[in-house]
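Going by the order they are written in, the chains are A, B, C and D; count residues from 1 in each one.
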Amino acid sequence: MDKTVADLARAVAPITDGASIMIGGFGSSGIPFGLIDALCAQGTTGLTVISNNAGAGETGIATLLKAGRVAKVICSYPRTPGSIWFERRYEAGEVALEVVPQGTLAERIRAAGAGLGGFLTPTAYGTRLAEGKETRVIDGRGYVLEAPLHADFALVRAARGDRYGNLSYHATARNFNPVMAMGAAHTIAEVRHLASEPLDPETVITPGIFVQSVVEYGVRP
Amino acid sequence: MDKTVADLARAVAPITDGASIMIGGFGSSGIPFGLIDALCAQGTTGLTVISNNAGAGETGIATLLKAGRVAKVICSYPRTPGSIWFERRYEAGEVALEVVPQGTLAERIRAAGAGLGGFLTPTAYGTRLAEGKETRVIDGRGYVLEAPLHADFALVRAARGDRYGNLSYHATARNFNPVMAMGAAHTIAEVRHLASEPLDPETVITPGIFVQSVVEYGVRP
Amino acid sequence: MKSLSDSALAARVAQDIPDGSYVNLGIGKPTHVSAHLPEGREVLYQSENGLLGVGPVPPTGAEDPELIDASKRFVTPATGAAYFDQTDSFAMMRGGHIDIAVLGAYQVAENGDLANWATLDEKYPPAVGGAMDLVVGVPTILVMMRHVNRDGSPKLLKTCSFPLTGLGVVSRVYTDLAVLDVTPAGFRLVELAPGNSLDAVQALTEATILT
Amino acid sequence: MKSLSDSALAARVAQDIPDGSYVNLGIGKPTHVSAHLPEGREVLYQSENGLLGVGPVPPTGAEDPELIDASKRFVTPATGAAYFDQTDSFAMMRGGHIDIAVLGAYQVAENGDLANWATLDEKYPPAVGGAMDLVVGVPTILVMMRHVNRDGSPKLLKTCSFPLTGLGVVSRVYTDLAVLDVTPAGFRLVELAPGNSLDAVQALTEATILT
């Protein structure tokens, strides 16, 4: 079993126009910058991007937004410090936005990965973000029924990986990466270090079963 | 912040008659034998036990069943190799049984720990274990609505712990322990080794926020 | 009748496990499939108690008491293994990440219904474990069992009489007498165990075997 | 009017954080509370991006680019810290495991309604982050904000005009002019910032301040 891929371009080659893509990261931490740049270079367009933020400056998801490749963003916090391109595309009406509370975003992705049909969460009950959604009151507490959020691809960033696709992370770069690896149909992992020997089974955070390909990209943000 | 407790007896002292208790372990692995024995010695009775199995031989949960302390068992697989006491109490009508599919058991406990109001799972749809439960069909697939499973206490077993309640596990002894630590109102951890220095933040599997007390019990099964 | 040994049956199932698969082996007979995997294939076995990459049984004296598989046997980790908790384990199963599950059965019906968790004996406590999660989540469910019960009564039925584990979930059944696919029309013969005739096997099968 | 500095306001909030608490500090002003914790107290700060035990900001040059808090500041791990992913992070928040959250706000109503994620400006993209999860899951929600907007308009209202983050969730509000509890009857004065009168503060508050 060998899931390693020689370079970033080959890793993102399966992604086609109109795909839905989960992209790991929070703020500037744990973002698969190499894969995003390769995807941008490939010219793929009409993308639905599922991520916590919508990029900052001219890097990460902002690269895709600037190049006009993103049709829709599903995220919890599009306005991150230094963000320019999301705002420009949004104000011009060039990108659709679905705002999802951060915990609900993580849980909807997890539900997709775990084969669940949905869940009841108290988050957003009674607010604008629950409008049009089914709700119910249990023991006096209001809940919103949330659906699983599936995606065709996930681009994740890990500190270490092996040929089985096992991944481990560094510090707060973990964030959305493990749950997105689980939630997408095809997960592509960019790892800072591709280990020649398999990772210690106790240190694996994302078991390789959730990962379809692994590519080394040693550059640190 | 120091959650360490001097001995097993003091660790289980808060547990009173009629309590619901999650007990970690699968087969013979990851069972908090020391805490169970201390609970039995304390004489607490009328317990609802939530666990994957219902003990084997004369050890673990079988100790509580033999002593007549268990009113109800909620588990996925009561008949484990070498199990005697569950069968005796069950045949005599002395213990109630709720059988829950293993994945649904884990997910119900997680829902309690994660503050969710329930979830839709395809597991058990159309079977006897879904009788009386709300169901719905989404995109042609049947789902059962399952409720969170709360408990007053969790008894868990870990390989290492620190005074903050952070825990790490060994091999397949992890099993239900992390999710039960999250799901109960008061989690008591028996650790094989109580570290004098805090665990490395990267190696923590159960963050201490989910643990109320830690007691060292070096005996290995 | 010529009945395959348990070992020969496990070897037959192992032939159908493709290289690179993720496979869950159920308690009992299915556990033995991994020992018969043809050379040159690398398969990762998932054990529902929290191990992906189940390796061989360790030599006596070298057992780790906290490293077991779902059958509670002592095992070792395979190359490339990972440990995880129950929520991640069942996400793998329910979420469609595992390719194949090999399960034992009390009964299989010609529509693919599976019964393997409870009998009609009210005194015998039911035990479901992870079977119901596997059958809804894993796309290919292989069943491995004796063709008939000890009393000679059939296990391949028109309709299951025992409580169901899952509805229409079985892909293929391997018995000591035959291999049968579950098709929209019912059981279809794939092959007979050496030395058996279709008529003799049909006589031990309640459902009709299509050819 | 005598307005507390941001630093003095953070110090005032810090006084109310008990020893041994688990606390989530929101983006902006709340981030500064930890620097003012009275000596002798040990508190673990949770950062929603995956760190329990947020330590001090590192010296320049010693930053780890992949170790940040929810405000995207570089931080260090505190003694006893743990890293985890987003699902566990929000289980801590939504599941009631965190004791206290300190949040900023656009508006707070006298019934405890909180608005801190979106304005009425349709051109300005809304951004909710973890605020809605915190307010439903954390039992004690403390709000920390200026008493009035830059244009002098009140932020402590009878009813919020901006979209709500949560309904009836705020326990106490700390402003540069006063500390107010949210009670079933409405805002009740806890204390005035030094040098202020109730009349002067009431004049800057839409809702009635009970005493």
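The definition used in the following text is that a residue touches a chain if its C-beta (ideal position, glycine included) is under 8 Å from a C-beta of that chain, and two chains touch if they have at least 3 such contacts.
In this text the structure is predicted, and so the values were computed from the model without any measurement.
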Starting at chain C, fewest touch steps before arriving at chain D: 2
Chains contacting each of chain A and chain B, listed by label: C, D
Inter-chain centre distance, chain A versus chain C - centres from mean C-alpha coordinates, in Å: 35
For chain A paired with chain D, centre-to-centre distance based on mean C-alpha positions, whole Å: 28
Per-residue overlap in chain C, given as positions that touch at least 2 other chains: 51, 77, 83-84, 87, 90, 93-94, 136-137
Chain B: positions in contact with at least two other chains: 107, 110, 114-116, 121-122, 170-171, 201-202
Touching chain combinations (by label order): A-B, A-C, A-D, B-C, B-D
Contact set on chain A toward chain C in their complex: 1, 110, 112-116, 162-164, 166, 182, 198-199, 201-202, 204, 207-210
Residues of chain D touching chain A in the complex: 47-51, 64-69, 72, 77, 83-87, 89-90, 93-94, 118, 123, 125-133, 136-137, 163-167
Of all residues in chain A, those that touch chain B in their complex: 107, 111, 114-122, 136, 138, 141, 143, 168, 170-171, 201-203
Chain A - residues contacting chain D, complex: 26-30, 52, 76-81, 86-87, 90-91, 97, 99-107, 110, 121-129, 169-179, 205, 220-221
Parts of chain C lying in touch with chain A, wherever the complex brings them together: 20, 22, 42, 44, 46, 51-53, 77, 79-84, 87-88, 90-98, 136-137
